[in-house]
Amino acid sequence: MKILVINPNISDSVSALIQAEAQRSASPGTEIEVATAPFGVAYIETRFEALVGGYATACLAAERYGSYDGVVVAAFGDPGLQGIKELIDVPAVGLTESSLMTAATLGQRFSIIAISPRIKAWYRETVERSHLASRLASIRALDEPLRDIGSVQQDYSERLKVLCNQVVDDDGADVIIIAGAPLAGLAREIRDELPVPIVDGVASAITQLEGLIRLAPKKASKGSFTQPPVKPNRGLPEPLERLLGRELSGGR
Amino acid sequence: MKILVINPNISDSVSALIQAEAQRSASPGTEIEVATAPFGVAYIETRFEALVGGYATACLAAERYGSYDGVVVAAFGDPGLQGIKELIDVPAVGLTESSLMTAATLGQRFSIIAISPRIKAWYRETVERSHLASRLASIRALDEPLRDIGSVQQDYSERLKVLCNQVVDDDGADVIIIAGAPLAGLAREIRDELPVPIVDGVASAITQLEGLIRLAPKKASKGSFTQPPVKPNRGLPEPLERLLGRELSGGR
Amino acid sequence: MKILVINPNISDSVSALIQAEAQRSASPGTEIEVATAPFGVAYIETRFEALVGGYATACLAAERYGSYDGVVVAAFGDPGLQGIKELIDVPAVGLTESSLMTAATLGQRFSIIAISPRIKAWYRETVERSHLASRLASIRALDEPLRDIGSVQQDYSERLKVLCNQVVDDDGADVIIIAGAPLAGLAREIRDELPVPIVDGVASAITQLEGLIRLAPKKASKGSFTQPPVKPNRGLPEPLERLLGRELSGGR
Amino acid sequence: MKILVINPNISDSVSALIQAEAQRSASPGTEIEVATAPFGVAYIETRFEALVGGYATACLAAERYGSYDGVVVAAFGDPGLQGIKELIDVPAVGLTESSLMTAATLGQRFSIIAISPRIKAWYRETVERSHLASRLASIRALDEPLRDIGSVQQDYSERLKVLCNQVVDDDGADVIIIAGAPLAGLAREIRDELPVPIVDGVASAITQLEGLIRLAPKKASKGSFTQPPVKPNRGLPEPLERLLGRELSGGR
Amino acid sequence: MKILVINPNISDSVSALIQAEAQRSASPGTEIEVATAPFGVAYIETRFEALVGGYATACLAAERYGSYDGVVVAAFGDPGLQGIKELIDVPAVGLTESSLMTAATLGQRFSIIAISPRIKAWYRETVERSHLASRLASIRALDEPLRDIGSVQQDYSERLKVLCNQVVDDDGADVIIIAGAPLAGLAREIRDELPVPIVDGVASAITQLEGLIRLAPKKASKGSFTQPPVKPNRGLPEPLERLLGRELSGGR
Amino acid sequence: MKILVINPNISDSVSALIQAEAQRSASPGTEIEVATAPFGVAYIETRFEALVGGYATACLAAERYGSYDGVVVAAFGDPGLQGIKELIDVPAVGLTESSLMTAATLGQRFSIIAISPRIKAWYRETVERSHLASRLASIRALDEPLRDIGSVQQDYSERLKVLCNQVVDDDGADVIIIAGAPLAGLAREIRDELPVPIVDGVASAITQLEGLIRLAPKKASKGSFTQPPVKPNRGLPEPLERLLGRELSGGR
């Protein structure tokens, strides 16, 4: 099977982190392709940036439609994910949705570790969209300006471990979610030093998407996840226009 | 004061309906400018279409930044609204947010009348984002293919009145929200025939935005509605890039 | 248009604060009349006091019925508001309801600054009644006995600013609501010193009520906000008895 | 022990029903005194009427303070109850609160049977105040004008039984609450004909209040149920003024 | 009337505490019988231990069926309670359910004082099952290993009082629930030293069960609390098999 | 990897259905072992039966501890699951939890199709425990006595398809969950005839458990999913006693 992993941001260094963890997490026989957003910002922290990233992600998913068996939206906050689920006929997952589902299976309450204070509101609203906010113990974040988005893990590893211990000791988390693609792979590094299960968004997403692809769920032909109705449109990138304008004919 | 009303869709006929109701609702001395999305679909019914419409709306809000004292996102579902609130430093409102706030002041429970069954899921999720879903009595919708998005009011006026009566009699609504820009102005036409207050999105939005502009709230310099942090970006329309790249210096 | 602003408490000094901020907030052409409760307590902090104030407010609203185009219940907690909405056929708003709606438009989460610890439970329950408690970041309050209810703003201005900053920095508020009629007008004074938008109950209420009066919503003839059914009553003040005993014939 | 049962309405015929069921439910040695509101309406169906009834009830509770060991607010909807709990230093219960607590012990979901459609909104909001609305299966009500508030049980007994069966069969109720003082005693009559436990407000209230009086909970000297703070007041009935103006010195 | 009080744990010392408080709380004429679980653990702190204790409690309730008029499940967390309510045809209550209902009548928000940090998650989930979690101000617990489960009250009385004051002063509790059978009777000892009402699980349960037995609710013959359907079973203790295998014929 | 699938009920015919679907769903290289509860009832429909099934399941999980890499609790309602997660140090999943997580990834709202009306309350409470009840569109069930628990799929296939279509057309489900082990495998049969994705509990559980085992989450040493504290116990089956009495040393 082939999985398209879309980085909704323009940072190649983050794409490299995503790619590495995706490869480490994939089953033998799974092919991983990582695509980086052609437009947008370096990393998403706000609702506005998510709007841009969501549109860029949808454009990429449409552009490469037909070449993959499933899509990962590889930014915490899942920009564009629900829209993309409508658009295509193979499974799509996001880092937040996958992390929440994995965490919900490993414990009752979970906390999120994030890379900046600004990002917390956007993350909380993402969790609310899944209706799991009442199981969210806390969100804690690094609180200094990031030196380099590609080396957050190295630059702040000690501080990140402190935050992880705080959410367990002070906030009552049963599970820790390490949020955000810039931290992809960190969970694997520090898991033995922490007292509870720790969830990596990329690893969760790849694992769950492989499972979904094997379950092969049918594309909805009724309800709110069918393809958007055919109707007049204007000024859209050609791949989007093509996908919107005709019946889907299935995956790769 | 000058208000920019953005139609997130490409339908000029709907822009005309919006313009007419906005003018009727505005105070003397308020200047209304309506802008139509340069790209997108004819009318938004789904999460994917909202993603496109939200991005188009943000592009327009950035392009005309400096020429207005406030913005109305003139599609029910408020595509892009929360992001736009971060982006600019003058008030922004949406048809859903305004309608819900007006309705919440007029009664305890409200229902939404919509133009298609498909749109109901997207509307419900929009109401959930405002945390007012527990006051939503119901959403009822026209259930046949629309003949022409610009003449929905004329084509289905009887059916729409039936739906309005049903939400009062069967669902317990204290207030009716007529949802969606294609129905702009209808509330004014049929209000005397209905047994409860009826809220028009465009009229609510204009009225509330005028009030907000007079209250002149300060742009946040802390918290989740400050401008997105300055950071590398790529491939964005020039007005967006400009707004993201420097300190805001205030409205018109 | 003429607005009746009812102070549900007996404090003339607070009525003066309300009057001043109402005048500052009103549009040209809006006439403001402030009425002070003829019976009750100096300021409402508890459920019991709200019960008294609510009844006093309803009596005043009935007594002056026919002389106004809309009513403001000018105490945070909105004593009697929902009942008054049933009773009369022109719009009625309260400081809490108006503040919450304004705040909900300006941000996602808001905090309330209050004048005493005792008042916090009553305020929280008022927010719960609006179903917006999940967007309430915190309520913080002055914690010393008030020297004089008419000079709270002057006596505690520094402490109030400290509380305002705490709700932003520690509690995650996007918007600050300055609660309670004794603080009417304070927001206007300190807004430039604070990092997020700040909402004044009186200013919000006047602004929103002006908007509602212009929207001219129909009085419900069905549902839970119609006039209470005609039925035997006894011992009521004559204006209440009169309003309960016959069909409403419209506003001023 | 002596229990004061206050009918918040002016209907002597309903007071007689309340008295009869209270006597039937009381333990040997419990003295029941029923007081009828000196002002108000025939029966409460709306928020406005509850405002009047709540104030009347508080006045009565203050007037007879010192003569009882506990108070029952004997109207569904519990007008004034939370305020009265602050005011006095012996236990106070209401028909709704007692019924909900009894029902919550007998099953997971419950329905309410009411005497008029108008009353449903007020009842739902009362249940919301207790935070138990998510366990409310439904509210069903008689839907014709009442012939005589004192003979509802006789006049509509067959219809009431039909409603009871509907909430079990169609709405999933585990328990039925017969709501409203005009129906006091009905549960006792029809319980053998119904398939689930059936809760009478008056019987629940008397039983629970007897239990509370035996548990002898301390009057709060901190928190939101302490006596309202001593402060200036004006124009209150003398017993209220007396209770508000000094330290409480305990029950009978 | 005769009440069977089941200690779901194997600790005879705790059974003695339960017995003493149950006797102190019971009305004259109520006979109390305490039974100790024949298998299980010393005291329940976790979901797994509750599973064992719930099964042991159900076995005891079945074994002695016919000899009692009501059952108390005498561990906080109410292991097995909802299942036992299905199984038998006389009232059953638990310490948590009873405490919550009593506390909900005495105030709006309550806190729980517990004997170990580990127990907090299990308690919170129990409160969630009752749908009253939004009224839970906090759970605070002793945080050192217990010297002896039978002497917790003596060993930690000062610390427990500190916790009680903290939930009032810092967490906003109107009422304190002293949780867990090992603390049975403590409320009675310290109530005069605390500023708000304090609820004892055993005292609440006995008092409420006496009330329920007097109300004599009918066993459900429809809905989710009827007896489990007759169907094949295997390997069950004979009393359980007997109860499951035939129609219930009523209490003692 | 080796997965132990525990049927919490005594029905060998249902175990056979579970075994078949588990085998069909498993990856190459996954070994499936199905164990049937040695005591209990034919199939779980009620809280009481779940109590028995949960204990039986825990006994089996303990008895075979060391021989598996993960456990599936193979009854909808997940009897005993949360306790078992505490007890063992390898992943455990249940049919409900797995189905909900899969469904939540495939759509926003889901419905459950069940085998009897009685089972609906128990299922709803299970969904509430996951905090996803607000995404539950409906539960619909067969409403006639089952001819044979092992042949429900054959006996009622047409009726089950009707229910599936109703939850999409009338209740707004985006996804259908076929609930209960007796229906294991049915989703695979009828998926092409239905308009939305359809989730099978057994297939979901196997797929998700395989993923979890590959992610290899650490056993919690802090928080509410650590092993229950070592403490006195009595009368437990030897494998339980052994697991409770010592430090866990890891999986197979």
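In order of appearance the chains are A, B, C, D, E and F, and numbering begins at 1 in each one.
FYI, contacts are C-beta pairs under 8 Å (C-beta built on N, C-alpha and C of every residue); 3 or more make two chains touch, one makes a residue touch a chain.
This structure is a prediction, so every number in the text was calculated from the model and none was measured.
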Chains touching both chain C and chain D, listed by label: B, E
Pair from A-F, D-F or C-D with over half of its contact pairs in common with B-C: A-F
E-F or B-F, whichever has more C-beta pairs in contact: E-F
Inter-chain centre distance, chain C versus chain E - centres from mean C-alpha coordinates, in Å: 44
Numbers and ranges of chain B residues touching at least 2 other chains: 82, 85, 108-109, 120-121, 125, 172, 174, 223-224
Contacting residues of chain D [partner chain C, same complex]: 10-11, 38-43, 45-52, 54-55, 58, 80, 82-87, 118, 120-122, 125, 128-129, 223-224, 226, 228-229, 231-236, 240, 244
Chain A-facing residues of chain C, complex: 108-109, 172, 174
Parts of chain D lying in touch with chain B, wherever the complex brings them together: 120-121, 125
Chain C residues touching chain B - in the complex, by the definition given at the top: 25, 27, 82, 85, 91, 93, 97-98, 101-102, 104-109, 130-132, 134-135, 168-169, 172-174, 191-192, 194-199, 203-204, 207-208, 210-212, 214-215, 217-225
